[in-house]
Each structure stands twice: as structure tokens, then as C-alpha cells.
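Encoded as C-alpha cells, the structure appears first; notes follow it.
Just so it is clear, A, B, C and D label the chains in written order, and each chain counts residues from 1 on its own.
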Amino acid sequence: MAYSSSRKEPDQVQILSGTMDGITTGSPIGMAVYNRDANSKAYDPIKRLFRPGHADITYFRKYGLRDHRGGGRSSARETVSRVAAGVVAQAVLDQSEVKVTAYTVELAGVRVKRIDLDEVDKNEFRSPDPEAVPEMRASLARIREAGDSAGGIVEIKVRNCPPGLGEPVFDKLDADLAKAVMSIGAVKAVEIGAGIEVAGLLGSENNDPITPDGFASNRAGGILGGISNGDEIIIRAAVKPIPSIAIEQQTVDLDFNPATITVEGRHDVSAIPRINPVCRAMVRLVLADHLLRQQTVRK
Amino acid sequence: MAYSSSRKEPDQVQILSGTMDGITTGSPIGMAVYNRDANSKAYDPIKRLFRPGHADITYFRKYGLRDHRGGGRSSARETVSRVAAGVVAQAVLDQSEVKVTAYTVELAGVRVKRIDLDEVDKNEFRSPDPEAVPEMRASLARIREAGDSAGGIVEIKVRNCPPGLGEPVFDKLDADLAKAVMSIGAVKAVEIGAGIEVAGLLGSENNDPITPDGFASNRAGGILGGISNGDEIIIRAAVKPIPSIAIEQQTVDLDFNPATITVEGRHDVSAIPRINPVCRAMVRLVLADHLLRQQTVRK
Amino acid sequence: MAYSSSRKEPDQVQILSGTMDGITTGSPIGMAVYNRDANSKAYDPIKRLFRPGHADITYFRKYGLRDHRGGGRSSARETVSRVAAGVVAQAVLDQSEVKVTAYTVELAGVRVKRIDLDEVDKNEFRSPDPEAVPEMRASLARIREAGDSAGGIVEIKVRNCPPGLGEPVFDKLDADLAKAVMSIGAVKAVEIGAGIEVAGLLGSENNDPITPDGFASNRAGGILGGISNGDEIIIRAAVKPIPSIAIEQQTVDLDFNPATITVEGRHDVSAIPRINPVCRAMVRLVLADHLLRQQTVRK
Amino acid sequence: MAYSSSRKEPDQVQILSGTMDGITTGSPIGMAVYNRDANSKAYDPIKRLFRPGHADITYFRKYGLRDHRGGGRSSARETVSRVAAGVVAQAVLDQSEVKVTAYTVELAGVRVKRIDLDEVDKNEFRSPDPEAVPEMRASLARIREAGDSAGGIVEIKVRNCPPGLGEPVFDKLDADLAKAVMSIGAVKAVEIGAGIEVAGLLGSENNDPITPDGFASNRAGGILGGISNGDEIIIRAAVKPIPSIAIEQQTVDLDFNPATITVEGRHDVSAIPRINPVCRAMVRLVLADHLLRQQTVRK
């Protein structure tokens, strides 16, 4: 039983420019991924309806038209370009041995209880807690059965990030990370370190004590004043349930008359875990940019 | 009894360029606010110590030096420039009658139970729920007494925002808002609409039904696919407790030897409500930018 | 007899994204032109030699490597992307009926004596003066015979440009045009209006008198203070001779030892007239950008 | 006898932010120069007239208003901010011992015959040829007597610039220099190296031969393919005569009715040599930016 799309998309990247004999030439790197399994016809039933929770109504309000087919910019397919670019960014990060991992800390109502990075690649949900996996599987199966969809939370951890990344005013590292991660479709909240919990903490609880060996805790999530502090960077993204569901919903048509919609088709139950590499890629892009900028600083 | 700083800073703005006879000339607008009450001497005791939870250690790691005085870029004083710029942005928003309000939804462990915008200006915490005010006051008094500090949550609401603001890929409206709000010192999480709660919702619960009169709910927080949908835009910022506290903390000195630090001085107990107009200003700046951009779209 | 390259390059553009059913969707427009006639082997003789007047030595100094083949970023083939983008820009300009034309005012030592735009498309050099054509043809034939190459001057004229385009400080219209045109390989000077001649004029000669019907002359070239004045915009680009010539030249090899080089192959005698549409495209891109920006100005 | 303005403007720079104890802190550097000798009343006679050759008509067409006083953005006073920023940029260049000089190669119809940088600071026109000075002086005196104004050419020379500066596509070094220099009010043409003369040269004449010791000539002006080649960078700016002249000119008033204008007041006869440090500053800014960028390149 599969929890993500059954579409066959080989995702083969074609490099259009910027490399020769396996190394970059310094020119812009262009890449394209051709979608071989597009089926625009499948979208005909909803051609004249706006999907609740979906971007097609805002596109329509913005431009007076919309691309109702699956391949538009509000499709998750758009993220393949982010992932491809993230691979290039990681090549920059490799030079400083910076490592970026993304894993699932909540899915379909199930929260992980521990984080073991060695477990992430061993299950279909990228859960760092193997004991949460059967429960996630059962929960998703129930939701799929009901024609519904589920949300969750992805955490991105950056190890071995040097201190000093981030500009003190206009391009703070946490600000750039927030923009990058929030720009991913379906993400509705971004947290750094203790994140939303800081609201309820006292200063004496939230401040990470400093020792000669580093910080004694990491509620800051590796960033202070918009600059990396050398500790692990921790980012969390709250991912909303996929809006396209088989349950009937109230909507309007292109003339803004009342209508109902039931979205059949090849949709995932949850954007997780497909969104995880996208989150990782966006973080890599920001870090590579700031790592290069930091090379211009004279210490 | 005062909960925010007793420093006397008149905050008078001097316009350096860009206006004549009360209207803008089209040239860049330059403004300066001179700090008349600076007291650099007050910072001498911590000249050789890093404050836990504070940016001065990351500045030091980035540049090999730091401005230990109160006026540096990691001081909250930096935010006066954001507030001044936000006033100019609001003049742009006024043309479309867009209204931006910021209020406190959590402070020092006390959550508001309702949101009445008419109440916001009537109490010292900018609480939209007058019944929460005495509890906030008591909680802050206890924390101040203990030499500690407190965090909270600011919500920003945008009314009358036209649909269509936000670019579909590189400068999504929610992404730009996240960057703008996360760039404010002390903010560790940014939520749009239902925010972090979306992680636990089903698609059928999270999707806002569409009716001919608009959306039947607003879990999207007014933004779908990075573009405003015409509904109220809702943003929340989690604000960490002020790191400078009178309680003794573990730290290191400039030579990275162990030390303890106790920060006396003229510090607020919480960044809230002083941070509220800063949040509002950052949102105004993003919206004004996107409103102008949207004027370039042909519909 | 042909004066430009005999290579067969169909220059077919493939639109990768951003359009549907013949109109733009608001998403970024991606285009690719595949080079079907590449012959990297042809460049093998110069694989270890730097061509005088060519960018390959600076690439090597910058990156420690270079793409010696014809398709690198220092090849004129790079300009096809500019031309393709310029077509999209023109679609924006069409809405305001802005017209951009590029023609040859000097080639291989021959200057035109008059400018008749109706003549430009009627000869192989895009000369606005038909009487200069035979002389250009003869001069180029002599130069080709000698294994040498020739330079010239392209003038770009913008008709029907509305007044007001250009930002008063950071993105002046003439500054942006200068950057755009100078960014074209082979261009070594950019003039606006009377251009270099203004150096020898008196104020009373150079100032264009203003009448109720417009300017009585156009030495300003349509731009005053970085803003379009409503008159025709006139830009000239000085184009250097193509560096790849069959005449033996002094150079060094990759180890910086002395060497000589003779570049055989399929090279043009002059970048003109192939560079003309590139100049036109770059001007279109700048104007489209500023035309959209100007829609944000409230008058 | 003075050839430049008799206004007393002390040009004292006030540093608003970004430095402490004489060194930069990494925060943005803000500076202000207050104009103590403004006399807005002096501009009253031309309050309702557009000056030919001046930006005030384009400002009016762009914004529907204008700052008729001397301090607007179309005043040469705006350039003080460029010069101040250029000093900061030079501090970056100093680390690589890059030197930037600007001198006059043509003024009021008089061309220099040789370039001796040691002479530049020794005469009031910043002429590198002392023998041209008396002739320049006489020519300017005649023009001033007639109530007219004069143009000229400034050359900027960069010595000791490392090879490799400049991006291969979007921010070529020559393109950025062209934008920077063309953005200076009064500049109507920008040349690199042999500049406009390349149009008339053959490839065999224009190509700079390469030897193990460097280039045997410098018609490229130190830039090939948008990247510095290690040789001296040579830029020339053609400067138009100052538009404000005492000779009566034809113009229109704010209602676009015919009028005549005679601009009395404290105007220079030529923007040269006051514009020279502005040219130098703009080149410094571009080079500092590219020098920092180049530190991100891995070779």
C-alpha cells in the first residue's frame, strides 16, 4: 500500500549549461526536468471549479486566469526545481562539511518521541523514531480510506555549520531561512530552535548557558541575532493537509456561483514525506549563499 | 509601576531627504533618529562578557569584534528605523485603505480568550482581551521581582487587503512576511493563519469553504499559494524573553574562560508590547511593496 | 558571398514554463534553445592557447579553468537567450506601442550618411543608408580576404517611449541602458544622444530648447536626469572587431609560455549585423522593466 | 578667478552608524552631510520654468511635481553621498592595494596630449598634462564671460586591479562600471579602453597580444569578457556642459506655455573637475563590490 502518489515521474534532470566534464565552469547552471507523465485531461472535471485550500482561486484573482492543469506553479511538481538546485548548493556546503537532514516529527496526528537520525532513511515516512511508524501508517490508512488528507511537521537539522553566517540587519540567517521554508507550498509556520515554545518560557529558562566547550543547551536553534552560533541549526515547518480531497466540499465556479467539488485523482494523502527533501533543499540554498558571503568578511 | 524601560528617548525623527512641503518628491526618503539618552558607561561591567541568549557572541564570532554598548545592531533600538519606515509604507497602504494592527495574544504565560480590536489601545499590554490584563500585570510583576524576563505572542491582522498580492514563485507574500517578521530580534517563530495547528488537522477541517460571499472560515490566514485571497491576513510572531536578566547566568569572557554574568540596568521585562509596532511596521513594509508590484499586473 | 557565419543553427526556442494556450500565466517564463550544430572538436587546436582579445584568458584567471569549446559563456551564442527574452519584453512594450529598432551606423570603416528606418530591413548589414551598403560590402570582403575582422557602431532608437521612465537615483534609465548594452560581448562604449560629442559642446549648443510641442532638438537622446523625456531615445554601442582571426597573433599557452595562434574556423568577419538584434533586445528588457515600474507611480 | 562654485559648503560628514572606535562593526554604515549654505530663495525666479537640458521637466513628467530648489536629486549636491561612500569602498580596495585615479583628458575644447599622473593634483583642472592647463584656463574664461558653459572628458584609471573581477553573465565588470558612471548626472557616454575607437579598428589592430609578462598593449582597457584581465582598467566619461546658463533660452512654463529663461546664480562653468572625484568614487564602489564577490570563488 502506498501513501504517496502512484504517478510515474522519472525526474531525470537535464543539465543545460554551466558544467563541463563534470565540474562547474562558473557560468549559471541551468537544469530542466521534463514531466513525462502529465495527464492534463485528468483535471477537466475541475476546470471550472476552485478547489478550497488551493491556490487556484488566488491565481485567478491575481491574473484573471489560471492554469487548472496539474503542472502549474501551484502544483507540488514545482518543487523539483528546488530539489535540483539544493543538490548544487550542497556541493558548496560539502567544502565545509555542513550536513543538512530533514525528518518527520509529526504526521497525521502522531508525534515522534525521540530523534535518531540513523533511523530516518529506514522507514517510508522519514521518521527519526521507528516506534512511531506503525501508528503513522495506521493513521494515514484511516485518513486515506475516508478520502481525507493529513498534515504534519518536518524538522530540518543542520550539523557542522560554522558560526558567523548571517547578515546583522537586512539578511539575517533566520529571516532568510524563514522566507525559504515558508515559500514551500503547504508550509504555514516556521520555527527556529524552541520556536513557538519560547513564548511561555522565562529568560532564565530560555537563555542557553555558554561554556568554554560551547552552549549547554540549544533553545536558540543555532542562531542568535540572525547569525549562526556554531551549534546545530534547528528549523521546523508546519505542513498543512493536502487540499485536494475526495470528500465533497463547498466552493464556487469561475462565475462565483455556489458549487460542490470532489477531487478524485492521483493525490497524496500527505505532503510528508515528499516535502522533506524540499525543506532540506531550501535550507541548503540559504546556507550555501551565506557561506559564500561569509568568505567576504575580514576577521 | 512600569513594565517597560524607564529610559527617556524622545524618538524624534528627522527627515533628511525625499520630501518637500509635506509631500514626497519621488527621491529616496532618508530619516534619522538621534539617541539622546545613550549611556555607554552603563555597559562597562559586561564589556568583557558574552550575555547568554544575546547576539553579542555571534557578532564576535562573525567579525572578531563587537559593539558592547547599547546602541549596536543587536539592540532593540535598531527597530526605530523599521517603525519609521513603516509609517511611510502605511501612507502607501492608505490609498487602498489597508489597515494593519498588532496586538498581544500571549504574555508571560497568560493567553487572551477573545480578540476585540477596540480594546487594544486601552491597556498597557495592547491586549485585545481586557480580562487578561490584570493577570498579565500580576504575572509580569512576579517575574520582574525575580529579576527574570518573559516572552509572548504578537498577532498581526491585516484588514481590507486586496486579493492578488504576492508573486507565485520567488517572492510569495507569506514568504516575504515570514522573512520580515523573523528578522525582528527576539522572534523565533512565524505563523500564518492556523499556523502550527495545521499539522494536526485533516484536509476537510483545514480547507476554508468558498462561498459567493467569500471564504466561510480563515484557517489560511488570508494567503493561498503565496497570494492574498482577499480575506484578513493573520500572522503570529513568537517572542522570546529578553535575554538580559538580573539572575546570575553561566557564560564565558572574551578569552572564552568560564564566568558568570548578572545584567543589571534599564531592561524591559518583556519585549512585548514594545515589539508590537515593530511587527506591524514590518508587515506594512511588505504589503506596500507587494501592493505597488501588483499595480504592474495586467488583468 | 556571406559575411556572417555559415553554421546552421535553427535557433528554435522551446518554451519550458510560464505560458498556457498562447498567453502567459504569471509564472516565470523559461525558454531553451538547443544548439544542434555544435562541433566541439573544431576547437581542439586552440585547446591549450589563449586567444588575444578573447575572454578565455580572463575566465581562466578567474576560475582556474575554462570552457574552450564554442558554447561557453564567452561565445556569442550566449546572446540567443537575450534575444528570446527581448521578444517577451517587447510584448510588454507593445501595450504602450513602444518601438525599438537597431541599425548599423558604422561598419568596417564605412559610416552611414543618413538614417532612413525603412531601409534597415532591406540590406544585409541593417544599414539605414542604402548608399553605404556597397562600400560596406567591399570593405568587409577585403578584410575577410586578409583573414582579419572589423568593428562598427550600432544605434538603437526607441520611438513612442512615454516620459517618466527611470528612477531618479539608483536605477536611472540611462544607467540601466548603459549596463544592459555594455554587458553584450564586444561592446566597448555606450553613448546616449549626442554621446561623446557633448564633451566639445557649449551649454547653449547642447541644451535642447523646450517648446509647447516638445523639444526642438534631441541631443539629450530622450533622457534627462536619468528619466525619459518623451522624445526618441537614442543609444549607440561601439562594437569591437571579432577577436578570432586567421592572422597569426602572439599569445601564451596554458602554462603561460610564449606561443602563436591562428584561429581558423567558422567565424564572422564582424559581430555586426548579428549583434543588432541583441542590442535591441537588451534595450527592450530595460524599457519593459521601467515601464512596469512606472505603473507604480502615483501622479 | 574661480571656475567652480563660490558657495561655501563645508561638506562635513557625520557618521550615523556602523563604526566604533575608528573601525567598522559590520553593521551598515550611515552617513549624512548637512547643507549649511542652502538658499532656496535664489531659485524663486525659475520656480515656474523648466530649464533646458535639466532634469526638472522629466521629474515633473514622472511625478507631477518637482523640487525646484537647488537641493533636489537633480542637483550635483546629490553626488556628495557617492563620494562619501567611495571613501569607504577605497578602504576595501586598500587591502589589495588597488588604486583609482580620475583626471581630465578634455575640457572646454582642449584635449590633453599626454598623461602624467603626478601632474593631476598640481593644477585646478586635474589635468595630467600641465601644458594643457593655460589653454583650458583661457577657454573657460571666455565661456564664462559669455554666460555659457562647457563639457569635457574624464578618464578613470585603475592600477593594480587583480584579474578575475566580474561575473561572466549578469554582472560583468564593464557593465557594472558603465551603469555606475552613466548614473552620474551630466555623463552621456562611457568608454572602456579604446572605447569608441574600436569601431574603426581591425581585429589584428585591436587585439592586445599576450606575452608571458602580460598584455603587450591595452586596447581592452583591462577587461575581457566582462572580467578584469590584470592590466590597468581604463574608463572614460563624456561630461555634458552644465545646463544652467546665463544666456537666454527657449522653454515652457509649468502650464507648458512658451517662455524664455536666463539662469543667473552660483553655477559652475563646467562640471569638471568637480565631477572627477564622483567618477572615481563610483568606480571604487563597483570594484570593492566585485573584489568581495571574488573572494567567494574557489580556484
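One rule holds in what follows: a contact is a pair of C-beta atoms (placed from the backbone, for glycine too) under 8 Å apart; a residue touches a chain by one contact, two chains touch by 3 or more.
Model, not experiment: these values are computed from the prediction.
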item: Any chain in contact with chain A as well as chain B; value: C, D
item: Those chains which touch chain D and also touch chain C; value: A, B
item: Chain A and chain D: spacing of chain centres that average the CA atoms, whole Å; value: 48
item: Where chain A and chain C are represented by their mean Cα positions, the distance between them in whole Å; value: 42
item: Sites on chain D at which at least two other chains make contact; value: 26-27, 59, 62-63, 73, 168-170, 297
item: List of chain B residues in touch with chain C within their complex; value: 26-28, 95, 168-170, 292-293, 295-298
item: Of chain B, residues touching chain A in the complex; value: 50, 52-59, 61-64, 73-74, 78, 106, 109, 143, 148-153, 163-164, 166, 168-170, 172, 174-183, 185, 188-212, 216, 220-221, 223-230, 238-245, 247, 249-252, 256-258, 294, 297, 299
item: List of chain D residues in touch with chain B within their complex; value: 16, 20, 23, 25-27, 30, 32, 59, 62-63, 65-67, 69, 72-73
